[in-house]
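In the two assemblies presented below, subunit A is common to both, partnered first by subunit B and then by subunit C.
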Partner chain A sequence: MSVETPVQPDTETPTQDETLAVDFKSSHRRNVLAWRDLVTPALVALVLVGLYVDISRRDLDTIESNVLNRESLTDATLQHIYVSVSIAVLVMLVAVPAGILVTRRRTRRLAPAVLAVANVGQAAPSLGLLALVGIYAIGFWPVVLILTAYSALSVLRNTIVGLEGVDRGVLDAARGMGMSAAAVLMRVELPLAVPVIGAGARTALVLAVGTVPLGYALDAGGLGLPLFGAIKTNRPVVTFTIAVMIAALALLMDWAAGILQRAATPKGIR
Partner chain B sequence: MPENPTTVEPTETGKQTGPAAHDARGVPIVLSELTKTYPGQAKPAVDAVSMEIPAGEIVVLVGPSGCGKTTTMRMVNRLIEPTSGTITIGGDDVTHLDDVQLRRRIGYVIQQIGLIPHLSIAQNVALVPKLLKWDKARIRSRVDEMLTTVGLDPDDYRDRYPRQLSGGQQQRVGVARALAADPPIMLMDEPFGAVDPITRSRLQDEFLSLQQQLGKTIVFVTHDFDEALKLGDRIAVLREGSKIAQYDTPEQILAHPADEFVESFIGEGAALKRLNFERVDSLPLQDDSVQTRETVDVSSTLHAALDLMVGKGLRQVTVARDGRPVGMVRVDDILDRVNRPAEDPTA
Partner chain C sequence: MLLSLYTVLAAVAIGLLIAILTYRSRVRADFTIATAAVAFTLPSVALFGFLVSIVGSNLLAVFPVLVLYALLPIVRNGIVGLQSADPNVIDAARGMGVGGFRMLWQIRLPIAWPVILAGIRVSTQLTVGIVAIGAFVQKVGLGTYGYDALDNLGSVNTQNKAIVCILFVTLIALVFDAVFVVIRRFTTPRGARA
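Up next is the complex of A and B:
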């Protein structure tokens, strides 16, 4: 090779250029897991164990013990998780492509329309909508679809913000190197937008966990049915227990999604 | 001027047996009647620019901000599509080639550097070779070679991420990345604009010595006339609409500015700046009967010699070649030269 080294890195005296550099070994690159990730599950576990101990000491009547037993609570919780995750996945499948669409140069003008639709989805009273749809259709899909419309906005907005937040210089260089538009999107823009899109997805998931109980009347399963049943039959112990469980579930799902989000974030920007 | 390959092709295929097979020397770029009018604007941002950029030279486009110099440069790799006019690179009309393919054969360095933050330094440098589907071993050795070329130890830097590097180091990687696929031409948009002055001047020096070996054709955009003087084989001073006010060598522009606009752009000290382009041994040396304590090398510029004399309060200074005195240069000789520019250095 005809090119020779114009400078000798070992012999040159360091200038500002070199001394300003962050030392590689001491740099604080974050790992996916950290000790503080234990805080949320520990607190949640503490509360749930306390609740369990308290309830197991009580004398429960038939209605109460029909709900507050391991089998039915596990079933309801698993259903709740299933419905919520379905909503979150569906939200991602709809809102991320929509966000990509409205940030492309050619389809940018669709942005106001898409955002308007998403805004309506969130602004429409979901309980009312659920009741209305419940007249015509019940079960898993009506609930999932309505609540997807309800929580799509957060992912859509974050996708747009995340994609638009990618450094212009990085995009210019990537295009200037000869990456196609699709390659820039898949290999530069989306990876760099993962933290922001992920934050939106977490919001959507938490929203879903919190709103799935509203679908109790549509028979989609989850912790909504026992919760509202307890309210109707005036069983405060059950109401309280289920409410705490829903809150704990929201916290845990958010916690798990947070770790997932960090794992999906490329190493260089973590 | 180096030998010109007739096409831009050599970087594109896997024909080269290894990275050391050869380096693509520069090829000429010709812009003719190149125009860019943005929609909704009456005045073109770039108005029918025609210029020839000789192979293997650094041509600096310099002008006030908004004059269209960056737009002109970005039309060469079609990041901006020209409204009309043509661009030929090495004799081939590239105005209608596939723009993505075209860019892989043109090095691109920008002020914001634009290293991809989630890719390691090695992955950043490997970007274009990967797009060109080089095999892995070849890419790996090329990455190491390029990092070495820009003065970064591959073992130390290969696996780092961009944010772990200083601005100056990042721009070295930027240059390595642009050179990785060995393009015959490079576009550089204020590449050293965002680093501190000390680093900038060092990067400029290294860039010049690198270019001496590589002989690429380089289009370099800056608003800093002193940078243009330092780096350019030729300078195009542009006014609004990217109209060429003067296109000539730095020496000629300093000695004979075309008009007031160019003069105003040169700013003060044109005479002194000119001294940067002449070496001490271009002057007839006086005999060295009078020894002075201070010496300059024959290869020093007149500017450096004068600076030394002004600084030390001397009227003359010994000139040395390889450390041995060969004569002497006086302040008056330099002043004469400034007032009677060097058409005929023996006069």
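Up next is the complex of A and C:
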């Protein structure tokens, strides 16, 4: 992740473009919700129900039943969602304005500096950063801030790519209609860039769900504590359960964010 | 560090094989990319945990996860790269009597090479990061220091260990990146250079 790496869309973007292209062909006007959207939650629900049935049939020892009960798991899951969504929101609040900033003509010079900061944030291992900051501060905010820095790059990159991908002709037309620079940005550029920015935001969200467990020692809550606890106390059943739950959570949040993204996309390019 | 190297080598071999087997048919290619994307959505911590609970704490629980993650960028860029050869070039080659295997080896692969290499580069960076996370399964690599620090927050060496983890992981990532710049310079066919 060297600094001079050219700006390229995040790993998720091409797939996103792919689906967009396919959707374009298959139906002219696609609704926000489609039958196909039911596949992911159905599969996840199936796995979770199977897991639940299997666990409730087993004899659990004290440690296992201390972790695997409804209240503590619900708590941990809700906290996990809360922390991850906070991170994703914060990333959007920081990275989208930064992306807008470095694509404006007057502030374009800042681009290398901003990208360098974001690159360093992502290249440094979140594990070590969490440990380092954990010496001085623990709790919700340290974890959220570090992981925000960690996942900001994907949104930043996609914002830049999305804004630069807007057709010059469209911009010219908007300007020719007498729109101010701000109006062009808010009503033309940003709406057109939503699919790309959204793909970046989904990557950031999934990254957040996956790295929040690493904050287990910083007391930010979430499914990390039971997971690492289970590994250290050597309880494969618990490890398995929590791992499946984290995976299910990631898939579901990606799914929900995907629908949200589609809802935010203007009708013409949906 | 060696582990990252093995992972990337394995992923390159498997990934290119998958790409070569699937790039011809659009349906198969889309399906492969979609499957890889789903696998990519699963958090590495969860996959590590999943495998640990099945095979126990050893390298067998680390390596497959690493390879799985490293696969996605390689497979996708491989497929995209192999599909991207200009139809006119393919036509010209066929007109010169180039057959199936040589078409792949001498025409399509060299044209796709910069794209494939970019994929390998991304997957190397990913792997270096995920190897660190996998250290909780089996004490390998620099992640060990990171977890040691997390588990002993506030002890004398916490800060040192955390810094070791951060600095060296970043350093390795940068070194790998530099290696790729060199590889790209020397292996890109002259005509395909930008």
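Brief remarks follow.
The rule is simple: the second predicted complex is superposed on the first by the 243 of 270 C-alpha atoms of A that agree within 3 Å, B and C clash if a C-alpha of one lies under 4 Å from a C-alpha of the other, contacts with A are read in each partner's own complex, and residues count from 1 in each chain.
To be clear about the criterion, a residue touches a chain if its C-beta (ideal position, glycine included) is under 8 Å from a C-beta of that chain, and two chains touch if they have at least 3 such contacts.
Note that the structure is a prediction, hence the values are computed from the model and not measured.
By the document's definition of touching, of the two partners only subunit B reaches A:169; subunit C does not. Shared-chain residue A:269: touches subunit B; no touch with subunit C. Within the superposed three-chain model, A:178 lies in touch with subunit B and out of touch with subunit C [touch as defined at top]. By the document's definition of touching, of the two partners only subunit B reaches A:192; subunit C does not.
When the shared chain is aligned, no partner comes close enough to touch A:139: not subunit B, not subunit C.
By the touch criterion defined above, A:50 reaches neither subunit B nor subunit C. The interface of subunit A with subunit B overlaps its interface with subunit C at residues 1-2, 8, 12, 15, 18, 22.
The part of subunit C that touches subunit A in the complex is made up of residues 30, 33-34, 37-38, 40-50, 52-54, 56-57, 72-73, 76, 80, 118, 122, 125, 129, 132-133, 136-137, 142-143, 145-147, 149-151, 153-154, 158-159, 161-166, 169-170, 173-174, 177-178, 181. The touching residues of subunit A, when paired with subunit C in their complex, are 1-2, 8, 11-12, 14-15, 18, 22, 120, 123-125, 127-132, 134-135, 138, 206, 209-211, 213-214, 216-218, 224, 227-228, 230-231, 236-237, 239-240, 242-244, 246-247, 250-251, 254. Those residues of subunit B that touch subunit A in the complex are listed here as 19-20, 22-23, 77, 79, 100-105, 108, 110-120, 127-128, 131, 145, 148-153, 156, 160-169, 174, 177, 187, 195-196, 198-199, 202, 206, 209-210, 213-214.
Interface of subunit A with subunit B (complex): residues 1-10, 12, 15-22, 24, 27, 29, 167-180, 183, 188, 191-192, 266-269.
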